[in-house]
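Look at the two complexes coming up: chain A is in both, with chain B in one and chain C in the other.
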Partner chain A sequence: MDAEARARLTPVGMALLVARIASVAAAVAVALWLYLGYTPPKRSSYPGREKVIFWHMWTSNWAEVINNICRRFNESQERYEVVPLTVCGGSLKTLIATAGGDPPDCMGQWETVIPAWAERGALTPLDELMEPGDWARLRDKMYPAVREIGTYKGHFYGLATGMNIWACYYRPSHFKEAGFDPDKFPKTLEELDAIAEKLYRYDKNNNITRIGFTPWGLSHWIALFGGTLFDYDRNELSICHPRNIDALAWMAGYSNKYGYDRVLQFQAGLPSTMEASWPFMSGAYSIVVDGQWRIQQIFEYMPNLDYRTAPIPPPAGGKENACWSNGNFMIIPSGAKNKKGALEFMSFWSGVSDPARAAEFYTWGGWLPITPDVANAPIYQEYIRKFPEFKTFVDIMSSPNVQVTPPTPVQAYLMHRLGWAEDAARREVMSPKAALETIRDEVDRELKNTRVSLKPAS
Partner chain B sequence: MARRQNLTGWLFASPVVIGLLVFTGYPFLASLYLSFCEYDIFNPPTWVGLNNYRILFTRDPLFWTSLKNVLYYTVFAVPMGITFGVALAMLLDAKIKGISVYRTIFFLPSIVPVVATSVLWLWLLNPRIGLVNTLLRLTGVAGPTWLGDPAWSKPSLIFMGVWGVGGSMIIYLAGLKDIPVTLYEAALVDGASTWQRIRHVTLPMITPVIFFNLVMGLIGSFQYFTQAFIMTGGGPLDSTLFYALHLFYQAFMYLKMGYASAMAWVLFVIVVAVTAVVFKTQGRWVHYGR
Partner chain C sequence: MQKHSFYTRLAIHAVLIILAVPFTMPLIWMISTSLKTKEQIFPNEVVTSISGFLAEWRPSPVRWANYAEGLRYVPFPLYLRNTLMLCAFNVTGAVLSSALVAYAFAKLQWRGRKLIFSIVIATMILPGQVTMIPTFALYRWLGWYGTYLPMIVPAFLGNAFFIFLLRQFFMTIPDDLCDAARIDGCSEWGIFWRMMLPLAKPALATCALFQFLGTWNDFNGPLIYLNDQNKYTLAYGLQQFLGSYGSEWALLMAATTVFTIPIIILFFLAQRTFIQGIATTGSKG
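Moving on, here comes the complex of A and B:
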């Protein structure tokens, strides 16, 4: 710019010039930062070792726990390095990665993928990957539910790293207020129904202001009523088992008594059930069925909360210490590159190789172990002493009445439709029997469709 | 020289051409092939002829449910979108002070990302603490549970769709601005009332814009997915299981890619047929001012 042009510069022109110089300077600064200051995330701390790529679904505080377990594994031996990665929407991405021929070496999953993926040859049978002696030992030691949940058509595909068990949480102060002894939690479902009625609270317009108790999750109640969704002897689904119908009828009875919409209205006004906002902690429920992970959350967010836990009481003719259980699973995709490394990591975490050491990890996550060996380890017993209410869940874990999701290749569809049947019966748009019969036919049809899909007519 | 110029032209166009062939053309044809196959992603597709289509029409009741749901949505949402869009555009065509502020306000919802809109409406329609039911309570009406009620879940989504008419409103507004003033002057001279001017000048003159929005609205509503996926997941009782949602579940939850491809092609044929019918009728009601 010559002197003449500079002399002609108007204030607007000057402002534009400054803006231009500033944007060039900013671009140069970013380029310099990228070149000098930015270091990409470190992928490896042990360059010489065999990598074990581990995808999981945990985030925030949970991801910290997982990273610590991986770190401990990496420090414990010199051959492998586990590289953890949080993958949201994990099953879909694993699916695509598997299809693309580049799956992770192991993956943390919910169990619903086991039958569907195993049926399609996408999972490595762990029983074949393990040394026969190791497998036999593990098979005999695992809690029954852990064994069942990882098994499909005689092979073992998913090794649980933590199981979930559901039981009742209740508020002693609500019991006292309603004239009940909090030390005497109902022993039968009929008693629970009677107490629940007295624990409900309403405002002057008859809107619910506190729920005494309301059931959800048909699978739990099927287990408690002594029903089942799968006949393991005949290897077929038993959706319309008479006790399943009884369980759903009992659930529908709650809607009939307290009003489906009225309960829904009340629940809609509550915060989410996530972590610190769990409505049980704020007193919105007197008795609620929930999982063992809540104990650690209560300790973290409301350590002075007065609460107790107890197994869900069975109805007359039902099963004690029963509930539906699921778990976090480690699977090895069939296309994984480092299967042995993945197996070693899984064994390390779940305590197959050293239960006492793994017990510590389970206390970090507040998880239920997969073998009594881990549960009996001193560090785990110490955890139970610190959180006495946790014992309820550990005791249920060994119960033969704990049920798992049926091992059918259409598991995701089955669970989706089961939710529909529960909804239909609780909204009283259909009788419990008709609702279950409807989904039985749907699932049968889906099974036929899928069989066609798996074995196309030649 | 001409050949060289030709080559240069293609080179410049190549990113789009290659992108179109690889990311649109190939999946389009591949999905047609896959619709005749069983394909679970893990294993190579196997040819099964018309089996997927047979299952679709004879052995999948949820296919019919999802089709009914999407038709219900289309039948109500598209005409309502057009009616509100045109009405709003006419109001915002007024020459009053601060009109651009009003236009901005009504246009804003259409630029909010659909996920944010969905979460916002989850709050608005919350049966207990939502704004809608709170206002209804003030008038003494006990509102429904909206998205929690099979009878109200689809209407809820339709209301939400109407809230976002700002996008089409802007196009109608442009159409309105395009109407020659002379036509209104002539109508005034002839003694036409306001209603007559709207009926015989404004509406006929913006029929090409209405036609455009009708076609785009039909195509969009047959593919309705995101809001239902986020807000209801298809429930309660399958009342918001729209076609595209059912298709998504088949493909990515139940690993039936072949079947989902067949569903996609059936939807494609439906959309093409409906659009063709609309195109056929345009001679009768769309005026291009010629």
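Moving on, here comes the complex of A and C:
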């Protein structure tokens, strides 16, 4: 008997042999079951109906909300069947599918794609699918911010199905501890600055142990200071608007006062900003600016948390009830096979066709509505009574001072560079004015490279 | 070879185990997270002690239901079936086509052989991103968009790395063997199929393993070419757990653990063949 054969007969050798045989047998059994015994789940429940293929990027418990909306639409009529599909890398995939000639009929989006895709002919103008006059009537019903978010060069490409608004969350216990009345949230930025200073906490080595308040997101503060990134009258970008510079200078002032590195060091030690780890819930922040979706997260993870919400206070001469807003919206790629069905589904969900019915969908997702009709529906009002702090965000929706991302094909690039300018000014790498001038030149170059004009075609 | 004493071997193993521990951390974290609840994955307290940090790795309570829920969250068996089908086609195609081409480079004499081989090797320098758009345009023109063909057909057209690997291996086989076979009346196909392939089993197994791993983990192919959920593969389908506004981390880790187990088992069972294949392709220059 040779050495190899002797090795096979040892206990270890036998065990390995058995393991190999068992693995192969298991693999063969699984393969046989997969190909002969397994029946994939059916995705269509209404044979004979026209299919509306709907791609979206919601997953987890959000996907269940979307599936329920689709189910309601399918049950409400007999002509179409919406088939939802969670698509990973949704924006890229939709663009590729459109280029490949096989796009979905509609897509749920929230990224800054409308101008870029519309410029490349990848989107269907929704106003051209509507009956004459419907688009004008719809625009009149919408909140101001919603009117602008899906529009590019005079055409309507994205129907919003839920908006995002940012406001202040604050901890009343921290206010009381510092000697402030939690029922009187600051009405001006100057008051907020004063309170924030008293809310910071430090250890014996002067390291931050609690942040009173620290601003982030230049686009919010641009809106509050009365600046703007886009001049709608002249149809051109206005990155270096004087009030934009003021907003960035104020933000840089916070870093100067509290120490950019010191704040960063503290933030680096926090778990994450996701869901249950949101530092506001653990008390790491006394006041923080965040979106309305946090209310449901607080309800899910820390229902007994004592907190309040309030609009972000403006500086002297600034705009009240202002912030930057984005939202979820639905688009129809060009080349979609069932555009009419897609439009009908979009109208059903957004509340265009029946605001009272759609109000329930908005409560499922904790979304802000696109029209006051939906907000005033009894079921939505009941939702606000259940979550009283949500009312802050609903009230801000009707403000004319809410701004959306400028309608430029280089939206994504602009927002990215805005983040760089904010960082550069806060680190004192360059002055706020120089930082904004730098990105103005970069964005201008990028716009020239895309060879488009922002002015509507005549 | 010098035989080490027991204590020397113990010391060597101890050092290797210590060095291996950091490499196992991602795997341990994955399994640990797969058994946690959402609140445990994202605690809202800042951990400042080492004991607290280590305690975070221990799920408490242990939630085995994550595995059942994770495998139901997406049509896991369907994606597994699709993935295995793609793996079977790709492994067969890549191994056979690469072996054929490698044999021609190694054992046949023809004009331009060295130049063509250099060009084949040079294609390895091209990153996938460079060829992504022209190949997409080609498949779209062929009408293959939305099908498995863009992910299967290229495997039958040779793989530069496998061609190189197998060529090196074939070159270690003496030409006398081929000459003897020719004298006995064997055709070139017969020499290739009945002599060279059996002798190249370790190298072929290596190529098969690499191709299997590549196809099993392929994300870009399904992302670009597949639109029908019934055709999704595991690597792409697992992304459905992730979202911008909330992700099912526990379920994702559970599904990923199940996704990873076959690869780990395969590697342990085939590692000797794998290492032998890599080693013998270059050992006799």
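Throughout what follows, the second predicted complex is superposed on the first by the 416 of 458 C-alpha atoms of A that agree within 3 Å, B and C clash if a C-alpha of one lies under 4 Å from a C-alpha of the other, contacts with A are read in each partner's own complex, and residues count from 1 in each chain.
Just so we're on the same page, contacts are C-beta pairs under 8 Å (C-beta built on N, C-alpha and C of every residue); 3 or more make two chains touch, one makes a residue touch a chain.
As the structure is a computational prediction, the values presented were derived from the model and not from experiment.
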Chain C versus chain B on the shared chain A, clash or fit after superposition: clash
Touched partner set for A:G269, first chain B, second chain C, both or neither: both
Which superposed partner A:D261 touches (first chain B, second chain C, both, neither): first
Superposition-derived comparison: chain B or chain C, residues of chain A touched: C
First (chain B), second (chain C), both or neither touched by A:L92: both
First, second, both or neither for A:A434, with chain B first and chain C second: neither
Partner chain(s) touched by A:W278 [first = chain B, second = chain C, both, neither]: second
Chain B versus chain C as contact partner of A:M302, first or second or both or neither: second
Segment of chain C intruding into chain B (one of 59-67, 113-121, 149-157 or 257-265): 149-157
On chain A, positions contacted by chain B and by chain C: 92, 96, 99, 269
Residues of chain C defined as touching chain A within the complex: 38-39, 42-46, 75, 77-78, 80-81, 84, 136, 140, 145-146, 223-224, 227, 229-230, 236, 239-248, 262, 265, 269
Contact footprint of chain C on chain A as seen in their complex: 19-20, 23, 27, 30-31, 34-35, 38, 40-41, 43, 57-63, 85-86, 88-89, 92-93, 96-97, 99-102, 104, 110, 269-272, 274-279, 281-282, 284, 293, 301-302
Interface residues, chain A side, partner chain B - complex: 92, 95-96, 98-99, 116-117, 120-122, 261, 264-266, 268-269, 410, 412-413, 416, 419-420, 423-424, 427, 429, 442, 445-446, 448-450, 452-454, 456-457
Of all residues in chain B, those that touch chain A in their complex: 38, 40-43, 46-48, 51, 55, 59-62, 126-130, 145, 148-150, 235-238, 249, 252-256, 258-259
